[in-house]
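Read from first to last, the chains carry the letters A, B, C, D and E; within each, the first residue is number 1.
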Amino acid sequence: MRIDATGLDHRTLNEQIKTAIAAGETEFDLANVCGTRYIGCGIDQEVDIRIEGIPGNDLAAFMSGPRIHCSGSVQDSVANTMNGGLVVVPGHAGDVLGYSMRGGRVYVRENAGYRIGIHMKSYLNQEPTIIIGGRAKDFAGEYMAGGKLIILGLDTPSGEPLAGRYCGSGMHGGAMYVRGEVPEAHIGKGVSVEEITAEDQEMLRATLKPYCEALGLGVEEIMGAPFQKLRATSTRPHGQLYAY
Amino acid sequence: MPLSLIPAEFNVQRDADLCIECGVCTRQCAHGCQNIDPEDGSVSSDEKLCVGCQRCVTLCPTGALQVVQRAEQGRYHAVWNTGARRAIARQAESGGMLLTGMGADKPFPLYWDRLFLNASQVTNPSIDPLREPMELRTFLGAKPDKIEFDQQGKPLTKLSPQLELEIPVIFSAMSYGSISLSAAMSLARAAAESGTYFNTGEGGLHRSLAQYGSNAIVQVASGRFGVTPAYLENSAAVEIKIGQGAKPGIGGHLPGEKVSADVSATRMIPQGADAISPAPHHDIYSIEDLKQLIYALKEATGYSKPISVKIAAVHNVVPIASGAVRAGADIVAMDGVRGGSGATPTMIRDNVGIPIELALGAVDAQLRKDGIRHRASLVVAGGFRNSADVMKAIALGADAVYIGTAALIGLGCHMCQKCYTGKCTWGIATQDPYLTKRLNPEIGVRRLKNLLRAWGLEMKEMLGGMGMNSIDSLRGNREMLRGIDMTEQELEILGVLPAGR
Amino acid sequence: MHRLPDFKIPAACGTAGILDRTGRRFNSEDVVRAMSVMRERGNGLGAGFVVYGIYPEHAEEYALHIMAMDQAGLDRLREYLPTALEVVHDEEIPTRPTPTIHDEPVLWRFFVRVPEKRLVGVEPRDERDYLVSTIMFINQEVEGAYVASSGKNMGVFKGVGYPEPIAEFYRLEEYLGHLWVSHTRFPTNTGGWWGGAHPFDVLEWSIVHNGELSSYGVNKRYVESNGYPCTLFTDSEVISYMFDLLCRRHKLSIEMACLAMACPEWEDIDREPDLTRKHLLTLMRQTYAGALLNGPFAVIAGYDGGMVGFCDRLKLRPLAAAIKGDRSYLASEEAAIWAVDGEPEESWPIDAGKPVVFTLEEEKVASLAHSC
Amino acid sequence: MSEKLSRSSYDYLIVGNSTAAISAVEAIRRQDQAGNLAVVSGEPYPAYCTPLISYVLAGKIPESRMNYRRADFYQKMRVTTHLGHAVTEVRPEEHEVVLDDGAALGYGKLLLACGGAPIVPDLPGADLGGVFTFTRYADVARVRSWVQEHGVQEHGVQEAVVIGGGMIGVKAAEALQHLELRTTMVELLDRILAQALDERGSVLAQRALETAGVRVLTSRGAASLPGEEGRVNGVRLDTGALLPAQMVIVAIGVLPNTSLAAEAGVAVNRGVLVDDHMRTSLPDVYAAGDVAEGYDMLLGESRPIAIWPSAYLQGEVAGTNMAGGDQPFHGSVAMNSIQVCGLPTISVGLTEPARAEEVLEYNSPDGQNYRRLFLRDNRIIGAVFVGDIDRAGIITGLIREEIDVSEFKQKLIGRELGLLSLPKEYRKHKVMGPGMEV
Amino acid sequence: MKRIYTKEEYCIGCRLCEIYCIFEHSGHQTLVKAFRDEENLPEPAVMVEEEGPISFALQCRHCEDAPCVAACIAGAMTRDPETGVVHHDAEKCVGCWSCVMMCPFGGIHIDLEEGKVVSKCDLCGEEGIPACVLHCPNEALVYE
């Protein structure tokens, strides 16, 4: 189903999509999207949504199932509290990407903004994955409680850090994998930097495979460079704060 | 280990003439204070461990026990009283922030007690609620400005989604995790059976409570625990928690040891890991971000549920509340400085925020002035003790009231303020299976229903006394209030006349 | 003229209204006779009349009846008025010295139009809204002047005293109108204030009221947040604004407006079998919770199309309705109606919460009551 | 027709007056308040508590406590009693029985609950005075009068021998010892109570008897009973040794009283054969109690199980079905609770280690308490409790319900046995029965 | 018949049921006096089993098919055909422990020295609410 988003407000657009899903439609091509918010929000069916243009904030918020393919870049708060599904971004992403994301995957080809992957968490077989092709700004993986946040640093000019300051501060679960190094001064309290194990290596290869397929990259090329792994030193970062 | 300098807080008095050494006290104490000698069966108390929860006192079959707060210890000092010295000793020994539970225990001015309700005498009749219908039914949600009709006289105006309350009292946010499942179950069932609502807090909705979804206000807090499309769907309303009266500006933190298998499943986080709710929502850094989240939730729920925004009453609560209404909130919940909590740093609880009375008076007035009062309902929270407090709040302009502490006391809480230890001997603020059993939800539900019924009866009586038969006529009716012992400014903020005028 | 009180004074009252549905005009004698029967319902501290159809020569202008505390007050008004309105004509309201009537204010009437240019840039572009805000401005800001009535082809005559001397004072027997509504008052405080007497009026809406709204505070804040600052601390003021708000601004029918003000109880709504109506009532109660009048009241509202009488949901105050010939009557006591023209053809005490609307029509009104 | 009028006729006739008969009466009355009902017994007493005869003999309880039911039982149940008249013949064709006085009683349904009779061995001297069996109320009087008659004489009764170390023998020996006779027990097998207890149980029981003063000789048989003047004066053992005794109680077992049934043409094996509704091979004739063969759940075969609870339950099933109900008998499990001179012992089911695949054992540190569980196929098939028997019934329940205990068997053998030892679900659905929510 | 129901999940292990059972059968007017009279302190007919967080009170279930009645060789255990209550006549009891052997709940309390069953729930004389139920602070025992 093709929907021309020109002049459509988000409520109307989403209603059209939801109505069509209820009627059995599984594929959507949204044309001329320019800043429409909440695309895919709250949808819990496995449908395909292709977006031509630039979607607005809260793309894929509270989403649980759809596969969203964007044509270029996206704005802020993408995959907010996302429960499942896929978001593929060939361009860059704004701030607060994947906040409190519990499941599904977000693939960004280029850079991402500030505060990405905050409070990501995993539960049982739900494990959220965010892969950033380029770099991330400050506060990446803050309060991270589960899942995988992978930063590849592709096309990084020399001297540019792969992740900004306070990377992983308050982290108490999950892991960040950085292809290259995060400057020590940028690494948050309670985060340890570890070497990649053979197991990690396998996991990364498997995780990156669909990413590379979706964005036309070579897995082995990416795997060729060394990764480091950032993990929480404790699942109880604030155990010592209080007088009981 | 060096000697602890923290003085005992309580004196456990056991009347030897009455004690039959049955050992009930020793089995009920969760803090290790009451002990039975395995050799001769004699019972004794280690007073340093006593938290004053009164469990042993209540269960003692012969009334042999009394637990009383110790008088000031050592030399009297008006400033450096025992409490202040005890706090310092605790910190000197632990190096940690002082933690506490329940609402602030400092003697803040209670404006409720300085406000008086009106009653009819001669010039208009009071109404007898025993004989005549007395309406407490309240709807929460955005109301239309006016109703428009088509040519045939059919109303064109559509009503926004509403919560329908048979009594304008809601059980406020208490998460499963901070309270036991039995307590949560009691609240949920009592709400359902009394025609009101309970609030999940940010603990998710336990599977056994799913059946009460239509009476659940589900919270979306910064940790987003348990927030899934299904969670949002199975609810009566969704509440974005920005702040809490007991700890404005700071986040929440359920220690890993309380994250049991069941709590983990409900919050959808790993067992044993800390459940941290950061201070801010990292997707809300401004009022337009709030609007973005409000509409994200409206989209996610198909515009079928009211979206509430809960904020702590702080200094600039007026523009915040006004902003929330303009951002599309259907309900604005405000929690005052006396609001409760299962765990909060004492200094924050007792020093940050403002009383709900003043916040309500100011917010309601401003929203009316702005002509947007109908666009959101106001729910207020923070230390509502009785039906008169509720009536006064409604007269000040609230649509409904959240009660937390009152509900917990109804369930059996004895205000020892040790919720954060997870050793609640009343089975309320604990996940210890030995302790949670103590709250039988059958009893809990009955007690809460009784409480609401009793308040409802009183409210109807007061309403009738004021010559009204609908709570609608009290809402914002500040004519029904008079103040005493207040400054002109306080009176002005509350919008009430002094008693005698 | 005493100063305006700054608090609400409870009062009990007697009311009467007489409408000639064919529009035939008559003088004050009938309504005064009706009021005389109900002398016990007042205590001489306030009475008044509203009469519709008295200024056919100025039918297109708004008649502002002004009560000024003194000449200075009137002067201030004279100074202000032309800045806001176009004054077509003005004159003193004729009175005659009457025993027991004293402390009268300066009484003047202005026939005004709203100049087109005034509406430029005003949202919404409605001359009546403009006029309302102008009246509100006068009442609040022009010291010593108060607008007692402001509708077209009608006027309010009121003061401190019993109805008969007030009528005599204002020389009401000289006026002819098709609708007369009167009120006598029993305020509980000692002092009466001319402006505080009934009827209350805003534009063509005039209200006489017997009762005591427990919900006054709510209703006041409701109309205030809709742009009607309440300056007089009387229920009637609030009700008159309510009618203007609901009927003119919200375009509700009179029946709907009354429904908003005296909507059925939830118990009845819950039992309502007609789902469309149930939806309407639910919508009404939720939207107009602030308009719901609670506590005892019996209101006669006059307007350019007739009059409506309605009582609270529990019928705590009396109001009777009657029809005889071309005339329709409303009064606190049925005897007041009999006193005018003997036994009516039909008469009935009106039902709780159900308005009785008598409209001005060419044909005779066939139905008795427009209950909704 | 006229013949039938000349004799008494009952809708329900019960031969026998012990536990099976009484529970049958109660069961019939639960079903049928109207039908007429009679009990006929050769013993002249109202139903009494057979196992208590040793207590009466020992003087531990007065005779007044022998009644199994209250004095008004037969009246309340509207039962006609024909006591003191044994049935000599059953005539199934005529639907009647004949009593020893020649009277005939007609029946609609007949229950044979005539119990068992003690085995009297074919020993020389077994007919001498002072040689008794000990299964009936009358035996108490006989023993007691023998002791009283001869106790004052020079050669009065001072020594007694009990032949047989089974349950009856043990209780008899305990009673005799209580009467301050020097008592010796002779048991053919290598241990006493061999049918009930396992070896260690037997050792503990024997020790208790010995502590009380009873001399116990195992692996010995009686060869003859010498005597003079028609009175027994000793027991000659198969070893040749002579035990002097002025009184001998023979307690080597009980056999079902099948002759009446067999003569009437009822199919009989070791006991009267019955189906699971307690019906015999003849129409309208039922059998229950010690006379019948009951289904042994653990052995998976029918055999006479001469134990009190089984008799009671069979009687109840028979009575229910006679009166038109439909209640099957699920079988029973051998079990005995015997207090041996103050030492409580309970055994349930199969307590021979050879039959078990697994044996769990508990001994208290002080040696006072002993517990053993015998398992096969993850189910308990037998249990022995000595000393601390408080919660033994829980195990009985597990045996009777054939519960798979593989998940929690270790908890059953720990020090504290309780319902807590059982899994929650089982607590809820099986053992707790009505009124338990877990 | 009315029965005492045990709700294991709400039994808090306080053992007040035992205490009030003792008091009820002590013949004393006050709890304190009952416990002071140690010589005549009755055994409770209700017993709390407890292990960690699991606990429940147990008393005679007054079973429909009462195996203790079947087992009793002394006629001391009887089941009232009308009320369904299983009675124990301590006078008749000889301490053979057959009932103990048969009770699948282990709900019969014995005294080896006395040589008899010393307490078995009698539903407090079947009048009113049994003491254990009445005093259960958490309604883990109900009588219905």
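By our rule, a residue touches a chain if its C-beta (ideal position, glycine included) is under 8 Å from a C-beta of that chain, and two chains touch if they have at least 3 such contacts.
It should be emphasised that the depicted structure is a prediction, and the values quoted were computed from it without experimental measurement.
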| Reaching subunit E from subunit B through chains that touch each other, fewest steps | 1
| field | Distance in touch steps, counted as few as possible, from subunit A out to subunit D | value | 3
| task | Calculate how many whole Å lie between the centre of subunit D and the centre of subunit E, each centre taken as the average of the chain's C-alpha atoms. | result | 28
| subunit B to subunit C: how many Å between their CA centres? | 47
| query | How many Å are there between the centre of subunit C and the centre of subunit D, using C-alpha atoms for each centre? | reply | 104
| remark: Rounded to the nearest Å, the gap separating the Cα centres of subunit A and subunit E is 64
| query | Where in subunit E do residues touch two or more other chains at once? | reply | 7, 9
| remark: Among all residues of subunit A, those touching at least two other chains are none
| query | Name the touching chain pairs, please: which are they? | reply | A-B, B-C, B-E, D-E
| note | In the complex, the residues of subunit A that touch subunit B are 10-11, 14, 18, 37-38, 41-44, 57-58, 61-64, 76-77, 80-81, 83, 96, 99-100, 102, 115, 118-119, 121-124, 126, 139, 142-143, 145-146, 170, 172-173, 235-244
| remark: Counting only contacts in the complex, subunit C reaches subunit B at residues 7-8, 10-12, 188, 211-218, 220-222, 224-226, 246, 249-253, 256, 265-267, 276, 279-280, 282-290, 292-296, 313-314, 316
| request: Write out the stretch or stretches of subunit B touching subunit C in their complex. | output: 120, 123-125, 127, 132-133, 135, 137, 139, 143-149, 153-155, 157, 159, 162, 368-369, 371, 373-374, 395, 466-470, 472-480, 497, 501
| Can you name the residues of subunit B that touch subunit A in the complex? | 90-91, 93-99, 220, 222-224, 227-230, 232, 253, 255-256, 264, 268-270, 272-274, 276, 278, 282-283, 292-293, 295-297, 299-303, 345, 420-421
| request: Would you tell me which residues of subunit E are touching subunit B in their complex? | output: 7, 9-16, 19-20, 31-32, 35-36, 52-53, 55, 135, 137-140
